[in-house]
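This report concerns only the one structure given below.
Chain nomenclature is as follows: A, B and C, assigned in order of appearance, with residue numbering initiated at 1 for each chain independently.
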Amino acid sequence: MAILETKQIRKHFGGVTALDDGSFSLEKGEVHFLIGANGSGKSTLCKIVAGVVGPDDGAVFLRGERVRFTRPVEARRAGIGVVYQELSLIPQLSVARNIMLGMEPRTRCGFIARARLVARAQEMLALFGGKRAASMEPDTAVARLAPGQRQIVEILKVLAGDPEIVIFDEATSSLHTEQVKALFGLVSDLKRQGKAIVFISHRMEEVFEIGDRATVLRNGRAVGTVSLRETNRHAIVRMMVGHEIAARTERPGHDLDSAAVLGVSGLCAARIRDVSFELRKGEILGLGGLHGQGQSELLLCLFGVSPTRCGTVTLHGRAVRVRTPRAAMRRGLAYVSGDRTQRGVLLIRPVLENLALCLLHRLRRGVFARGRLGREVLPAADRLALVFGGLARPVNQLSGGNQQKVVLGKWLVTDPAILFMDDPTKGIDYHTKEELYALMRTMCVAGAAVIWHSSEDEELLSNCDRVLVFNGGRIVEELRGERMTELELYNAALRST
Amino acid sequence: MKLDGFFRWARRPYVVSLLILMGLVIINAALQRNFFRPYILGSNLRTFLPLVLVGIGQTYIILGGGIDLSIGLIVSLTNVTVVQLIGLWGPAPGGVVLAMCCGLAVSGLAGLMNGLCVARLRLQPIITTFATGAVWAGLALWIMPRPGGAVPAAYYRVYSGTLLWIPTTLWVLVCVGIVCSVLKRTRFYTYLLAAGGNVTGAFETGLPVAGVRLGSYVIGGLFAGLATLCIVGETASGDPLLGGAYTLNSISAVVLGGTSLAGGFGGVLGSVFGALILGLVNNVIFFAQVPTVYQKLLQGVIILAALAVGGLITRGKRE
Amino acid sequence: MRVGASPVVLAFIAAAALLLAGQLLSPGFASGAQVINLLVVGSFLGIAAAGQNLVVIGGGGGIDLSVGHVMTLGAIVGGNIVNGQDGRTLFALGVVLAGMFAVGALNGLGVTFLRIPPLVMTLGMSGVIQGLILYMTRGAKVGSATPGMVALITGQWLFGVPGILFIWLGFAVLMVLLLRNTRYGIDLYAVGANETVAYLSGTPVRLTRVLTYGLCGMIAGLSGFLMLGYTKTVYMSLGHAYTLPSIIAVVIGGTALAGGKGGYVGTVAGAIVLTLLKAVLITLNIEEFGRQIIFGVTLIILMLAYGRDKKLRA
């Protein structure tokens, strides 16, 4: 009997369908992978099992009985442990205390038995086997550990609760090879003990190394479960892509010989390594690959938000160092964030102030009439077909699509030469998306250039002239012309670095 | 390896304050010839002890991610309460002790009120404790509109005297030290650090975040009350306006001691050193014969500098 | 906010209610002369609260606990320079404005560059200012207002209304203009509403913050200087009692403590409400300690209505 089973889970967030048919089953003593492209629903499915969100429809069965978790603690008590990428560790506490947090062994008087605490932590650390992989002193503060080590502590913390089902949600991304090996050794031990393990990962080599079965999700639906011994990578990628090849809108041909406006060579920073490419005038360059592989980081580095460690950037042939957003703006760069509530708009301020924000420091005088300011920004609002009910309205009263238009609008007003778009169409309705695509094309025809990161592969492939595929912080492939297909994209995105 | 162990110790939050303290002791001893004589040491300890205690109380609150701007005013309130009650029930020792217990109860209650507002009602700590501070100040003025009251001689003689050849103040310090060490080994303390260090993580782990923060405010109040009992032993009277300076000084002591104002990092020992540093600085200012008109100004500038330096240090350590 | 109507409207309603209560308790409370008197008393709070308003709008936990002491310092410096002689008034004003701006800017530098939390920085600065005041006055009253100042402030200009109220009106207009029609104003709201977005849009975040604290100091100094024309001589606790009320006035007026919203009109209403509250309490014969308690409780109730932190559970 399956220890865990989800049947036809459906979940909507606002206007977006995250899951349409989330179904899979998990057996005791197996390692089950959930695989899918961006937005396929695998993370949402895990959140529902873990009790973080509730499903709109469908059911979760644990050991044959139907369960409904309203809080993560309930799922934990039922024996489901989840290791996330965002850690729940307390930085200033020691490794041992973090591992045993909430489960400290106590003396008769109720105090924490330190010796036993450290001993238990040592036992857990030993589970990782081998000195190098988990070479941590139990007394070290977590704040002093490298990201990979912190992830290991988080894993041990979850395991210390002795869960029957362990879910790893992209938990191997910060581990280096030795640590991953040690983790797999641990996972094999857990299998032998009869525990059930779910992995969300896009690293194919991991899938085939320790996986027993895999369920592939596409667009919120489970398209199939396969036994990993009887299949290969290409078959899985085919399942991810599906058999329909979407018709793509024709783009006006782009003159590939136009001058390079931006050149990047050997750029490296906290999460990107050795990135080199050129951006030409009038071009839309796409950044693809799975989410979080360095695309956003690249844009932030180019816009002067994140520091770079090495490499050069040239604008119109001249080497530059862009250290702050203001410097970037002065050079005609613009950064449109998709995370509009945190990085795009001032939610509680009126539309007028949002639209005029980037323009303010170009005005000759520091004092102005609000009416005049309004006249400066209205043309941009018109171009965007912004529906906003008055310039004085606070932005949080606008729909998501219109909020994103405001973000774009404030940059349009500055007449930028190069736009960095960081996943700008997340959670926006179809109609508004089409409007934005058309606007992008118009701007490029007029001489601007765009670098566009999108987690929607279809959108990327339809609108860009070229796509750079990212994996692990590097560019692993450049797609253009006939090779711009989803198949090629996934193959590159899932390739081991 | 021995060297490794040393480096590990050197990273403890209180190390910088310990070094500064040692430096100040040397300067102080240079300016005041009989600094190390037992009489002078005892006198200094009696003067510094109240701030040490208030600093300890504030530390627990700050560790949990909060702050208490009313702690000095809790001292005022407890001060007048104890003195008035002693006037009512004294001078019999039983009455005096009962008055002291009531004082502690009042301070604990004030801390509880603060904790309820901040931890349970989720009001912002700074403004809220600023507001409750006004309430405590008002109550103190109501209980005793003008300084006065008389405390039986026995009280301050006990405070400045010795028990079993050891000064009372030293006994207090030792007992407090034991209490703090014991507290450090409780789950409460670990969960308090968790609540201050990563409140979402602590909550997701299922820790009773609101509960431990509430507890920290009560503890802070109780330590303020204990400090007041010492103050009464020193001044032998009540003064509704006395406690005001203790708030800023306690925060300075905590910052000097290496505890981060954001919570989750630091410890009580550092605050003790910080409070002693502040006390010795005052001594130095006095013995360097700085003219009276400059004294408060100099103290203020030094405290501000301490806050600046302390802030820079903890920023460096946490990153 | 959980309260339905606009805070500014609520504040004016509260003011009206307090006026009515005062009239019922003590006939003549709401007479023309009395109302003018109350407004005069409230004007100094109203002006000082403008600075606090700016700091709070700027967000980031922005608050200035040194407002009261800067007021006193402004009055002392001003009083010392003029020392009863008309000729030096403008010069004194200039020195006060520049000096108190510098003090505020120091607060701003500590908050922005040394990352000291505003609470702690301004609290520490208030200690320094107290020391400075002690030093300058040596404990005794020094300096006094000029006849010209007194005439300006308390003398009647038009319709029997004293000069200070016109000054306050002009000041209010300037404040509203500053917040709504200048680059600085929009920058300030942006920084308070979402510092990251402001930074990503090219707003000079740090400069705006330092400038704001500087302005707060300058305005507090101005208020103290003007108050000198009212009290005629300086004494040391002149401004001390204005810090907490300045915060309350700002909150009553609808400025969120988290920053990013709220304007000066609301703060004016808040200052008037507080002044009326104090007057009503005096009429009820409630002494100073009672008034303190009531102010503290009022602030807590306001916080309950306007400013609770989010729940940890999503």
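In this section, a contact is a pair of C-beta atoms (placed from the backbone, for glycine too) under 8 Å apart; a residue touches a chain by one contact, two chains touch by 3 or more.
This structure is a prediction, so every number in the text was calculated from the model and none was measured.
A.B. asks: Farthest chain from chain C, comparing Cα centres?
C.D. replies: Measuring from the centre of chain C, the most distant chain centre belongs to A.
A.B. asks: If you count the contact pairs for each chain pair, which pair has the most?
C.D. replies: By number of C-beta pairs in contact, the leading chain pair is B-C.
A.B. asks: So what's the Cα centroid distance for chain A and chain B, whole Å?
C.D. replies: So the centre of chain A lies 46 Å away from the centre of chain B.
A.B. asks: Could you grab the centroid distance between chain B and chain C? Build each centroid from C-alpha atoms only and quote it in angstrom.
C.D. replies: Here the centre of chain C sits 31 Å away from the centre of chain B.
A.B. asks: Return the residues of chain A touching two or more other chains; collapse runs of consecutive numbers into ranges.
C.D. replies: Not one residue of chain A touches more than one other chain, so the list is empty.
A.B. asks: Going by the touch rule set out above, which residues of chain C reach two or more other chains?
C.D. replies: Within chain C, the residues that touch at least two other chains are 313.
A.B. asks: At least two other chains touched by the same residue of chain B: list those residues.
C.D. replies: As it turns out, chain B has residues touching two or more other chains at 200.
A.B. asks: Please give the residue numbers of chain B that touch chain C in the complex, ascending.
C.D. replies: 67, 69, 117, 121-124, 126-128, 130-135, 137-142, 145, 199-200, 203, 209, 247-248, 251-252, 255, 261, 293-301, 303-304, 307-308, 311-312, 315
A.B. asks: Contact residues on chain A for chain C in the complex?
C.D. replies: 52, 71, 303, 305, 325-326, 329, 335, 337, 342-349, 353, 356-358, 360-361, 363, 366-370, 410
A.B. asks: What part of chain C is in contact with chain A in the complex they form?
C.D. replies: Listed in rising order, the residues of chain C that touch chain A are 177, 180-184, 186-187, 189-190, 193-194, 196-204, 260-261, 313-314.
A.B. asks: Which residues of chain C touch chain B in their complex?
C.D. replies: 61, 63, 65, 110, 114-117, 119-121, 123-125, 127-132, 134-135, 138, 244, 247, 251, 257, 287-297, 299-300, 303-304, 307-313
A.B. asks: Where on chain A does chain B make contact in their complex?
C.D. replies: 72-73, 76, 87-93, 97, 101-102, 104, 106, 110-112, 114, 139, 143
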